[in-house]
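Chain naming follows the written order as A, B, C, D, E and F, and within any one chain the residues start at number 1.
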């Protein structure tokens, strides 16, 4: 009977591909749950609306394939409609309010708390979600006791990354890196002829108020003109995309390995689920 | 310049595969937007958690492929985590509260209202969503002026369908029909050895309080025992699945063709978006 | 002392007519609680705004009077302001948002869970509430453990009923049946001189997108013209009303008798109130 | 045609008794809308749960009957389930949360704003609603521009009234006054044999922290013992009830007459509906 | 070790001035927690926006200084942005919606419930908060079991006070009393040259619909003209302010002394925190 | 008359100290509004609960004093109760839920949008607010059109700062920097005898999962032991505090000067307030 529930009945490491009973039996304290978080939002004239979703999905799947057994990774369904309000000015963008997105994350956290895993990773490829997911990590932690983590597989300059040299730290949306990754992963969905350069170099006159600067600012993507792109998509290549994908995947692997062994010195001090402040 | 925005730049009929600018140019008054709505919920020991998501996705994709050009169909990203509270007792089920699910639908409605389409179809494969999506259809209609439609590609007995003969009207979850469809569409994800029969034949003693009866009742799936299945998965076959899929698809085509030509006699009487009662 | 709390101190079967202590003592596991749910919404030029409230109240009271002792029925206060957004275009309609209506139902559910009854019936006479009440049945079930039921004493064509012959399946609001019932129950409130025929026969060209069809659609009542009525009020008679009332009441009795004896085979499997997903 | 819409088609002054078209034509700038607000909550062993609802309804109906034509009063459906959290400890009490009750009031305000009236009176018989209705008056005023008023037909000591002499200012729930009113209005629903005296005379040692004192306090009715009553029901008589009812009705008439002529000196300064802070 | 946590380590009676560990050790069953509640709202041309905040803070601090040791008072941070919607028409007013203000109060209640105190006093100087704080007192009581109290250190005519003679009961905002108090407490922030008289004496023709009358009404401050003041600021003096402050403080002391000794006869009947109706 | 409204009537640069009319006249397109955002939360055994509030207030006041005229700064009331859920385990912490905190920020944004300023700076001294304030910046921008900025006057290692050398990047709460600043600003409120060292040096074995690392994690402060401090308070000195305060203030001045001159190249592209997605 119990043999019926062994991991061998698992076809893939996607939760959606697996029966509930198999998932329940296979997931243990050492398992790591991954929620890929994408977006459906304008990415200029050359990249598809689902760019962030494709990226989140690709990184999660590649992680599961290459080191899923090592780290016992389980991939949940990718969220394709998230908080893209900075692109709400563009037809085609689908977006959730901050409230609905936060509720969604809380409820996914509550749902997975029934499984045996202790660790939940939010794998996010859409920068506009980051602040909210930071909030969600703590909310889920407190509500469920799960250890929660937030990973961005690609780090643009507004997330502490370096970005492509030719964008001088001003490329954060639909530019060299994202376009190259899509050329590598889904070349059929990229129309490089429609790519443009829209690098806000004028931002160079600011030291603090800039992407990754010490002063945050509440922008929307049309603040940077009508192109929709913030970066230089014309310089993208599939080769750079492949290189970048592999490099990011290695960093992701390192991060997830740390997640796997991460613990507070005395795990007994971990908070129990919050019953008093649930509302 | 405008040539860059012609529909020829569209790779598929999935919104996520297409740039915002292309979508914006291609979608017109005659376009029909489709939101496939699945679920991630227990389906017994033999079917994967994502069964409903696979079904919604398959029907939407097949519709787009076979009569997408005829009806100018556009497929939005499939919702994979929805209102599955009747399966919340099972580890592995991921679910949204009614409030979050309704907000999600409203916000998708608001988002697509920027496009040029006049019609939005919710293509739902998870019965537990039906009441809420009925509410959402009216909410979106009133908030945006869009004509909204709700389609269930497979009609189980609790949705007015006949169901498989061998289940006598008592098969609604993970039984002959769903299992057969999955055997047809994703045989690698079905473990037929684990299939069981759990047909609540005792319900036959009720005329009104039964699936599809005149008296609704608020059940959860463990009311019918621990199997998770409500139906007879053991009788499923790929052949039946293929037959059923094609039959459902024909009905779906008929329904969508009616959606395409549907209009109220004097279209000028359509309500303008509701500004006074937004809250 | 305990004699003071016997059912003999009950004047009627309305909760509101009875002291709390008497209610608490009289209501037991076999009692059935009924919440009549009406509406205050335009019903054309000939029927009063409270038509649905009168109907819900009349059926609930008649049920209590005729088979209240047999089934130990208890009638809660009738809800007179509910989700009538499809009639929001008309002055006089009073309506709650979906959110407020759902909260109202949840909180009534929470309130009655302190009583000794195990079964709660939502007796609804306003079609616009149905999807939401379907949601509420499950919400209350999960939050309180109560068995919940949803009954429509009159079944119009969009609820699976046949409707009056002369309306050919297109009469759902203020037509023959509702007008006749009101002529029977409250003739003083019906102005038959103002009755009109507004039967959307054009809908006959649709097989799927129609009342009771397989494709739902999010209409508002002014989609069918300015009359407010969807049906043929001119054919209503008090005789038909009386006949229909009695027939519906017999069906209601049958349904409630089933409710009274309804149970899942092993009642021990009934879910305990949901503590983890309360929000 | 327009004659069909004259007030002569009005059967009563209850909105629910009247067609939407008739209401729309009859209600003008001088009309006063009244929302009777009751409760369903424990009132001790001798009074029915619906006591407050009966009182609100009776005062509203009597006002409509006696001076409805003079002041053009229109009575909306009585709210029977409201904010009775101070009695939530008792089985039989049905209650809404503060949030749902406030939403209900806002939405009723939004609904009636389509009518031609300028004045809305909340006629409240349940003290536990008062703070919230005070909030609602301003909310509705700002959202709709309606002039809003809050009237308590009976003023217990915690609302600035004197109360019955024999209760010394400590009778506020189910005591002499409420019981007497019910003996006058619905003697069949009062079980005077079950009446008790539960006057919190110990409160006499406080000058500030007491009903109607300068220091409010957040009590629940079981703070005063298990009786449910706060007052002395044993002294109630139908005669006192009749006398009190007539006296209160005269005061109500005076108040409503002031409402009818009330206006700010320069009515042009009335705020237009609030569009910027709707949320 | 425990000596480190004695009250001697307390610098003041403000919670914010004290370490958590010290607070935790010092606060006991006899402690009284005080939340000063002000506002940031227009007060005419002569008083600063923070007038109510200064008043709430001053009364709380003076109470703590003069009888803080006697009554073991602890002062929480003053709330400076509250429900000032009646002044929302004026630039400079900062205000919370009723929903956010109520949530804020609930969450402060939840927060302090971890401390050892049994009593929480809301010390409110902004009349526009009163209805909502009345609701909050009961909410916090039910959610946490804390005894809650609501005190207005200055009682204007709409709160049952007498007000300044020269305002004849029509001075409630920025008039003699508030201006005098500010002249006493913060003379540098008062511009008496800009003071005006705006006493709505026309209200004298109403007996019921007036400040402190039996009929409440939902006003905004611009209903009384553009001055922002409702009263006569020109008559204010620092001497009156000092006198009034001292008188109010004595009354506040009396009230708090009652709070300190207040209890229901059998304290065991106090409700335990509400677990069933948390939402 | 207009002279009465000149800036000369301003006593300070605090909004709360100034009449509404003066504020309205003085604030122009070049003004910068500052909301200081503190917290009331445990800071170990040696620092007061209000530490973050004191810091936010001190930086805002110093900025206003030293370069307020240069940049036309206006300081709003300091928020003292914010999102401190990571310290909710400790008595004395007062905290708002994410929902209430976000609503508060939105409503402050809505309130100030009536003033003439175009720029709003959130000056935050509590790290636990950062993700949420990042969300709020965009929300306010979209709802009101205001340019919004987020500044942290002190940058701990989890915010991209270096932190004190002796804490090796692991000091983020109540350690050298915060304690030193308080010794400089409010020495009377610091009990250095109670200071402890609690530096999570074990975190040094992680490269990604650490404060300021590429993998965020949802911690609560008791994850690091019961001390409440995360850092080494024993090494704090008033001298370091003074030095740090002045250095941070210079950086803040630089940041605010950039805010003052910041603009997008074509300011006409700034989004107008969002009317369609308000909910």
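Worth pointing out:
Please note the rule applied: a residue touches a chain if its C-beta (ideal position, glycine included) is under 8 Å from a C-beta of that chain, and two chains touch if they have at least 3 such contacts.
Here the structure is a predicted model, which means the values were calculated and not measured.
Which listed pair repeats D-E comes down to matching contact pairs by residue number; over half match for B-C among E-F, B-C or A-B.
Interface residue usage between subunit A and subunit B, two copies of one sequence, is largely shared: over half of the residue numbers at the contact are used by both copies. Subunit A and subunit F have CA centres that are 27 Å apart. One finds 47 Å separating the Cα centroids of subunit D and subunit F.
Taken residue by residue, subunit E touches two or more other chains at 88, 95, 97, 99, 107, 114, 277-279, whereas all remaining positions touch fewer. Interface residues of subunit C, counted against subunit D in their complex, comprise 4, 9, 11, 14-24, 27, 40-50, 53-54, 76-81, 88, 90-97, 99-100, 103-104, 107-108, 111-112, 114-116, 188-189, 191, 193-194, 228.
Contact residues on subunit B toward subunit C in their complex (touch as defined above): 83, 85-86, 88-89, 97-99, 102, 128, 130-142, 147-152, 155, 160, 200, 202, 206-209, 214-220, 222-226, 251, 254-255, 258-259, 262, 264-266, 269-271, 274, 277, 279.
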